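First chain written, first letter: the chains are A, B, C and D, and each begins at residue 1.
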Amino acid sequence: MMKTETSTAPAPAAFEPRITAFVCNWCTYAGADLAGTSRLQYASNMRIIKLPCTGRIDPLFVLKAFENGADAVLVSGCHPGDCHYTSGNYHARRRWTLFRKLLALTGIGDDRLFFSWVSAAEGQKFADLVNDVTAKVRKAGPFCAVHPGRRAS
Amino acid sequence: MARIGVFICHCGENIGRTVDCAAVSAAAAKMPGVVVGMDYKYMCSDPGQQMIRKAIIEQKLTGVVVGACSPRMHERTFRAAAAEAGLNPYLLEMANLREHCSWVHSNQAEATQKAIDLVRVMVAKVRRNRPLRPIRVPVEPTALVVGGGIAGIQAALDIAAGGKKVVLVESGPSIGGHMARLSETFPTLDCSQCILTPRMVEAASHPNITLMTYSEVASVEGFVGNFTVTIRRKARYVDPAKCTGCGDCFNKCPIKKIPNEFDAGLGLRRAIYVPFPQAVPNKPVIDAAHCTMLQKGKCGLCAKVCPRGAIDYQDQDRLEKVKVGAVVLATGFQLWDHAAYGEYGGGRLRDVIDGFAFERLASASGPTAGLIKRPSDGKEPKTVVFLQCCGSRDDKVGKKYCSKICCMYTAKHAMLYRHKVHDGRAVVFYMDVRAAGKGYEEFVRRAIEADGAEYVRGRVSRITRRRDGKLVVLGADTLAGRPVTIDADLVVLADAVVPRPGSEKLAQLFGVGYDQDGFYSEAHPKLRPVETAAAGVFLAGACQAPKDIPETVSQASAAAAKVLGLFAKPELEREPVIARVNRTTCAHCRACISACPYGAAKDFDIVDRAGKVLRAVADVNEGLCQGCGTCASVCRSHSVDLDGFTDEQIHAELNAL
Amino acid sequence: MKALREAAEKLLREKRVSLVIGYEDRKGRPAFFAAKPEDCGRLAYDASCRQNLAAYLGKPEIRARLPVAVVAPPAVLRSIVVLTAESQLPPGQVLALAVDGDSFLGTFDAAGVAELLRAKYSTLAPEPALLERVQGLLQKSPAERAAFWEAEFSKCTRCYACRAACPGCYCSRCIVEKNAPQWISTAALGHGNYTWSVMRAFHQSGRCTLCGACEAACPQGLPLMLLNAVLDREALEEFGSRPGYDPEAKPLIGSWSADDDHSYMR
Amino acid sequence: MKTLGYFPGCSLEGGGIELDLSVRAIAKAAGVDLREIEDWNCCGASAAHSLNHSLAVALPYRVLALAESQGLSEVLAPCAACFSRLKGTQVRLARSPELSQRMQEVVQRPYQGGVRILNINEFMASLLEAGLAQKLTRPLGLKVVAYYGCLLSRGQDIVTGDDAEDPKGMEAAIRAAGCESLPWNCANECCGGGFSMSKTGAVLDLSQAVLDEARAAGADAVVTGCPMCHSNLDMRQMELVKRRRIPGALPILYLSELLGLAAGLEPAALGLDRHFIESRGLVRGGV
């Protein structure tokens, strides 16, 4: 049984969040490539897991990322109507609409779980997104150690 | 036991400047399962690839991670190198150290740490990679072309010329499409039928082309290389095998006053008819809705006069299946109905006509034998107003887009009118004249300068009919800055180009996307303008977007080239990223079947030797599956998995973070 | 009660079913399987019956004895429709002996069940008290919510009674039993307990009829209905989904609409 | 008996009193109870909406808020200008929560947006649907033209369900009154509107064009729903007749008057005796 601490310690100034991103191969991964070729600078806290489509992302992946120590998770894919597989992102969207509410009930809210559409042409949006998410998570502090979804370290 | 090799590329200084590549390769060498960690200036260069090949052979590597640029850049390169060294190419993965790391971070310590993380993730993944083989599917070397206009005819002829069989399906009684209805064509004013009819005849007589007129696609099964398409052969009530096209039937038919669609309703046809004299095949059909024999069982005159006994009132629609390997959609367009514009009479003013009606008036083979006569009283109009952008570039009532061909055909109309009515006045209202094309601008200038068409830049706000029959056209001349009123005898509206009705349903049958206006979506607007998102389905002509004849023909030939390219090999090779179902654990909840965007997931009955169904499960068709993995993530029991992105691989990646 | 017993007896006597699954007329109202007409005198029903008998319909032992009849209050009727929509019930093999409160409503086949639900129970709504509890929890801070669940999940012994009680949990191999890879730790510890309960609830969205059998079955008294209710409310509000009314419904997870909400997406 | 909120506005208490009389009469005949909004104020037409954006919304806002607080879920505004102001405000409020907020502060009354506003054409159509058609026992047999002007045809979000360029909202009612609605070219042309006083010459020109077309189409009368149109075509027509710019007088009827006549109501009860152009002779046999 893991130790329970009811108070959240204030984030140390040097807190560098760990952010796991699940992105689709055709839009957001390519958008991140474009940010690179455009030499846009952004925070280095995010680690990308590439999947063919947001439709492939099982909610278990998100829980696993949190369990393993991610302070936040980003899910990003093609804009509605642009899915390489025509409707994978629509399936994903419905799934996340439900799943985020469930997680919110268990204390994982909007400052831990992020969703976005980033197209292959939106390098700037991707860079801004990473910076923004990183800033928000930095502000939110380390993912509360008391959360039952976290593996005891 | 895993033996992984990790190869870190400096990419000159592109990676090396911000990422300590030596440190990354050293860290990688200590990762579990890794036996080789190296870094090199240019991994994609020949010596770099040679390093990888050599290590694979000498170290008996079971997997490779290349830390370099984006896999979108060089994954193919490195996988080919691995294959040359005898390693299954799908046992190689890339960590994106350039686009996702060195180019976007400036702090060396951070970038190096991230690079190590990215490599660790890929090492964890590649340890779970399994050898995959590209999927091979046999190809049926017959093409289906849907639509018998100039696009379909051209595509069919080109494919047939390449030595492959073609089934050309046309919904009307004759091929030829809209082009057969045109009087002359811009910018050369050559006679449309003179250039088209030889091709129609060639298409009908080509040994490689099977013509199916008066037919429609009813359903589609299968996938690239292996479509089974069901064609509905509509009842003609005339046996084409017996009919000689003598014309006795339609000369005797007593039902005479049916507006002929081919003539935009200006001419009349009978209940048994060929749409126009040059029709191919030149054999009549009976319009069941108007035939008194078919409606009330009275008449039967055509059967009496037919010398060959070709009339068959009992004829019924038949379904015919064809097996094809590729499809060209060439369903074309129609003109938007300007009845939506109340200010232009809401479709009730008989002398306000569309472009096709004017084509038929100007055509030597049209209902007026080429004389310009207005529909209401048959008089020669002395003032004709042409109105461009009717329904185009108007997102309130009409369409947002530019219909592209109207500037040119309006100039042609004005020109033809002036050639035929020398004392007539042709006034063209326009928003912009878009004459981008070879010889196009010159053509418009000729209409204005040589043929005296009056071009007025502005819109028309209202068309009303006065008691004397004149059409009062109220408009604006925005260059002069004043309103203008013109008493016209005839108004020709350049209605917007819109897709054919039913085109959306057809797209759904083939799994082709379409935009908000119903035009078919190409796979990529720049680089794959002929392909669609559905593999093996190609586009030609105005079903994709408004196009003129040369552009349509070009695209049709391009589609034919794509089809011939596909047919050049007996088998197709596809990336082996496909879903697989674990039949033992599948509970057959059918969520994956509902979720699959391609209809690749389907029911499957597990039967015993006697053929008795033991259990139903889901199954994935390799040929249809495109590898999105949506099925895998809706499966509660994870009984569906995706090759290349398996549960185990993703789980390992997450554990490595 | 009498009418129910008679109807059950008639079905068995006429051999229209080989088994009637019902509640037994004794304390706690346990499940009772009447295989002979004379067993039917032991059947009973009242509001204290919390078990969702549709859960048995997924079990191989019962499937081997089809056709069967089930004593079904409204939530169970809905479960039957859900199972029909998800191709879990062979057509015509399950009859429902519909009950509500003290009254017996009759014997229905799958189509009849859907019709009865539409006619009589189209406005079934979750208990207000349950929604109030959800609302109350949502008003707390995320840390307080996490602490609440930490305390609750720490009690979980991973007996999987919640799963056994649920008609929607019909997978032959549950995800928690998949071990290559093992997504959900089976040790009765915080993170595994959390992931298990969250995923169990999520896997039921679009299936759950809020019958309450899972919570009632939990020996540790975990407030599982909170998880079910928040998903039920969201699915209804966002997608108009009401599981268990349409035997031809598309799966909630596994279908989509172009105008689904995505205001939270950036 | 169905109850409907009623917003007469200034016009219906003054120059457009025939509209008020005839609407109330036909509503009574159809069994609809018109309940005047208590303490109503100016809709803001003509003056306010061209001078002050805030006032132009605040005035109708107050009317709508009053109607809502008085439990009136539907309000009839027979005057076309009043309708346009009320409905236009409704549309703007629905589009902008900020505007709603501001108006609530300015007017010091809440308005939730729950009032449906009907113009005279919609009102007549609803009466016909509710059974008025059976009570139209005196088919008039007239040839008329339907004149919509601007306020009963334009504003895509305001006059919904009709085509601004080819309006048809009166057709069914005219046919129900046993009249033929002739096709003509001026259904939504301008009558001169609010320039009746300031630029009478222009109004005369515009009204003449409308009247000429109506006569040329073969109409016995022009049917309108707008007090402004009515006053320009009816009152100003006297001057056109006097100056011999038109060959004779053409009666101008409100749609509600036409239906009232068809329902067998007394012309005087409908206000027909108040017109400048004599129109009582239209009913067969005279009255």
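Things worth noting here:
Operating definition for what follows: a contact is a pair of C-beta atoms (placed from the backbone, for glycine too) under 8 Å apart; a residue touches a chain by one contact, two chains touch by 3 or more.
Worth saying up front: this structure is predicted, and the values here are computed from it rather than measured.
If you take subunit B and subunit D together, no chain is in touch with both. The distance from the centre of subunit A to the centre of subunit B, with each centre set as the mean of the Cα atoms, comes to 36 Å. Averaged Cα coordinates give subunit A a centre that lies 59 Å from the centre of subunit D. Chain geometry summary: the mean Cα position of subunit A and that of subunit C are 33 Å apart.
Across the assembly, subunit A contributes residues 64, 87, 91, 95 that each touch 2 or more other chains. Multi-chain contact residues, meaning those touching two or more other chains, occur in subunit C at positions 175, 183, 253-255. Shared contact sites, meaning residues of subunit B that touch two or more other chains, fall at 595, 634, 638, 651. All chain pairs that count as touching, in label order, are A-B, A-C, B-C, B-D. The residues of subunit A lying in touch with subunit C in their complex are 1-2, 4, 6, 8, 59-60, 63-64, 67, 80-81, 87, 90-91, 93-110, 114-117, 129, 144, 146-152. Across the complex, subunit D is touched by residues 341-343, 346, 348, 396, 464-467, 472 of subunit B.
Within the complex formed with subunit A, the residues of subunit B that make contact are 70-72, 96, 98-101, 103-107, 110-111, 113-114, 117-118, 121, 511, 513, 533, 577, 595, 597-598, 626-630, 632-634, 638, 642, 644-645, 650-651, 653-655, 657. Remark: subunit D residues 156, 163-167, 183, 185, 216 touch subunit B in the complex. Partner subunit A is touched in their complex by these residues of subunit C: 134, 137-138, 142-151, 153-154, 175, 183-184, 189-191, 193-195, 198-199, 201-202, 205, 226-227, 230-231, 234-235, 238-239, 252-258, 260-262, 264-266.
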